[in-house]
Amino acid sequence: MSGRRLGRALLGAAVIAAALLPLAFERTQPYYVQLAINVLIFATLALSWDLLARTGQLSLAHAAFYGLGAYTSVLLTTRAGVPIPLGIAAGGVVAAAVAVLLGFLTLRLRGIYFAIATLAFTETLRVITNQLPFTGRATGLIAPALLGGQRAAQYLLILGILVMLVVVSWWINRSRWHFAFIAIRTNEEVAAVMGVDVVRFKVLAFAISAFFAGVVGAYYAHVFLFISPLEVYSLAVSVGALVAPIFGGLYTTAGPLIGAVVLRAGEEVLRSTVGSGYPIIYGFLLAVVILYMPRGLAGLWAAATARLSRRRPMREVHAG
Amino acid sequence: MLTDRREPGIETFLQVVIFGVLRSGLYSLTSVGLALAVGVVGIVNFAHGEFLMLGAFLGYWLFVSYGLDPLVAIPIGAAVVFLLGAGVYRLGIQRVLRAPELNQMLLTFGISIFLQNLAIILWGGDPRVATVSYKANAVSLGALTVGVPQLVVFGLAMGLTLSLYGVLGGTRIGKAMRAVAQNRLGASLLGIEVDRIYLLAFGLSTALAGTAGMMITLQLSVSPFIGLLYTLKAFAIIVIAGLGNINGVIYASLVLGLSEAFVEFYVPQGGGWAEGVFFFLILLVLLVRPRGLFR
Amino acid sequence: MSLLALGSVTKAFGGLVAVSDLSLEVRPGEIFALIGPNGAGKSTTFNLISGLMAPDSGRIAFDGTDVTTAPPAQRAHLGIGRTFQVMQPFHDMTVMENVLVGELFGHTVPKSMAAARSDAAEICALVGLAHLADRPATALGLADLKRLEIARALATHPRLLLLDEVMAGLTPTEARQAVAAIREIRDRGTTVLLIDHVMSSVRDLAERVAVLNFGRKIAEGSFAEVAADPLVIEAYLGTEHTADREGDGSHGAH
């Protein structure tokens, strides 16, 4: 169907144009570039959280990996003279390594037990960071600026990181991993007796997910130039990472991104109109989405397009 | 507080024990409510601490506006929070009882965020203190001193927790709740109105949190942000007790209260480590003995 | 030479001994039935063989390889496939994709996606699900769900197939079809070990039968032999009419 193809090409062009649009405001409205950076940080967190969720592991440890990445990179760059890009990569690697450990420890925990354990892990890291002498304790650390503080270049970097993640996510949803992930999150035991190496896939998903959270945490540190335990190991980071996929549509590539963009844009509006207490909208949306649209925006979209074309609605959601 | 008087010896030790035990009273009351939601309704309520926070604001407001002692006002506060909890059950919780655990958790998460920010919008983020006349009073027993508010709150909280055990063990409605907790299907077959039991249990669960909140106004400042900490501590306690094990809650509260007091006093920089004690405990218990210590 | 050998296997849950000192040999190419009253330990035995649980003591060998502590996925690769008594399809997948999981992951040498898809389609056709292959798994009725259970197990190309109460709840006609299908599976070279409460099917299918009661093997032999055994008759007395319903789920896989 060439109409469909044309539509896809147009959509792709529009996405690329929108992604590059903030650069047009670099001189006139630098605030927009910073806002766009914020949106992409949020989107990277959301999509990387979703990768793990595809294996049925509902993590509240995303802030832990975000924070680990941030602290690793800041400490390496300020104490060991490591170049910032290497520091950011190291942040991702450390986060992934810790995720492998945590993944093995929490393998047997399901559902709510897993969520509580990952939350406890995050808070434990926060308390430890508060107490250690070389992490700046509760006061925090000042971080060196990435790419000489040029916002446009910084924006392109986070865009690049997000594109990498999108490719990974897209590949996973098209490969055999996709089926392993669904099988594991639906029923681990059935998956295992059908030959799926449950441990391997769960831990791999944890590592990849944490890698990107760590990278984006480190990136955040070098863009906003300051980190503290309360801020990076915050439940708000973990919750932000999970609200966007749930709102946009779980287990898809587009859902978490759309969710992140819509929520962050909405948040900006609310922050200026409602003032403090604006996160109330997150609570409200979370409740409404769970109660009335459990498949998120992507689900609504799939249902709408299915009604129009009646062509395999289930596949659209998965392929995302 | 205690850390100023660092001196070795049996008296110090006893003082730390007393401090830990007193603290466990409020912990018991808060967590027994959460255990009720988990055990009877089957909902792990992430908004539990927000109901405590609302109770605390209610206590503060009744004290400031009408001069009502928060302890005297407990029945009012408990009733109001009960109705609020029942409303939340009807509007939200009830609809996800059969939904995946993930959805239940996320819904209560949403409710928690909603209530916290509602409080910020209504009352602002500043901490408030209700200064009752006996706030600074203390009783001495030889070298040991105990604050009057702490003592009264401990007595009341433990009394309420124990009477809840009495209700669950001795009354028709309590037995029905336990029956539902043990076997949902069986209970509905026996003609117990499961939905009404759920409503009551969830309302009661939030009312217990609200009551604990009103007691907190006596000792500590009240702000919209206190909820999460108590939710998490209550989680720690019910995880230590074993999820859904109502009877183990008192022991688990003692474990937490005493561990915190000992870390605070005997570990260098103990204040900072103490705020992490419950997380270490959760992690430890979940990784080593996920079904809890007290079953 | 046996394909599957259990040597003095014991498994207890707290104080309850679900499987006690059980020894069992399944020969290549036979249809072997495991029967017994509810709670006799049959499902636990399946969990031990497929690797969802580890025995407290004893040995399990498959085709001469010790698999006592091998993880379930490894046993699937070696050739042990199973169905579940409570059917649990992957509900976010189509019927074909459910089968595809076994084709993709159930083999030591991974298949290409294209090969796995065409083999999965073949298996759907084999069990009579071809016309439903692209429907969501949630849309299936009971008999088709049972077919899907078998199809998923077959997709790992097992040498030993464990069938956990596939007859329960089927109409007499459907049960006859199932009996024929199981025979055909065996004739194509797969050894079958089955649990069932539907005695007519067990009698028609099984060449050898072992009877469990309270986790112990109390009899073994042909259907006629065990049916005449006084210990077996005693075990079944009083539980006879519950025996035709489903059960034995009390120590499920959790």
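Points to keep in mind about this one:
The chains carry the letters A, B and C, assigned in the order they are written, with residues numbered from 1 in each.
The definition used in the following text is that a contact is a pair of C-beta atoms (placed from the backbone, for glycine too) under 8 Å apart; a residue touches a chain by one contact, two chains touch by 3 or more.
What you are looking at is a predicted structure, and each value in this text was computed from that prediction instead of being measured.
Contact with both subunit A and subunit C is made by no chain of the assembly. Centroid analysis (C-alpha atoms only) places B farthest from subunit C. Mean C-alpha positions place subunit A and subunit C at a centre distance of 42 Å. As a whole-number value, the distance joining the C-alpha centres of subunit B and subunit C reads 48 Å.
Between subunit A and subunit B the centroid-to-centroid distance comes to 33 Å (mean Cα coordinates, whole Å). None of the residues of subunit B touches two or more other chains.
Subunit B contributes residues 44, 92, 95-96, 99, 101-103, 105-107, 109-118, 120-121, 124-125, 228, 232, 235-236, 239, 243, 269, 272-273, 275-276, 279-280, 282-283, 286-287, 290 to its touches with subunit A in the complex. On the subunit A side of its complex with subunit C, the touching residues are 175-176, 179-180, 182-183, 186-187, 189-199, 251, 312, 314, 318. By the touch rule above, subunit A contacts subunit B in their complex via residues 58, 105-106, 108-109, 111-113, 115-117, 119-121, 123-124, 126-128, 130-131, 138, 235, 239, 242, 246, 274, 276-280, 282-287, 290-291, 294. Residues 50-52, 71-73, 75-77, 80-82, 84, 88, 90-94, 97, 100-102, 104-107, 110, 113, 116, 134, 136, 152-153, 155-156, 253 of subunit C touch subunit A in their complex.
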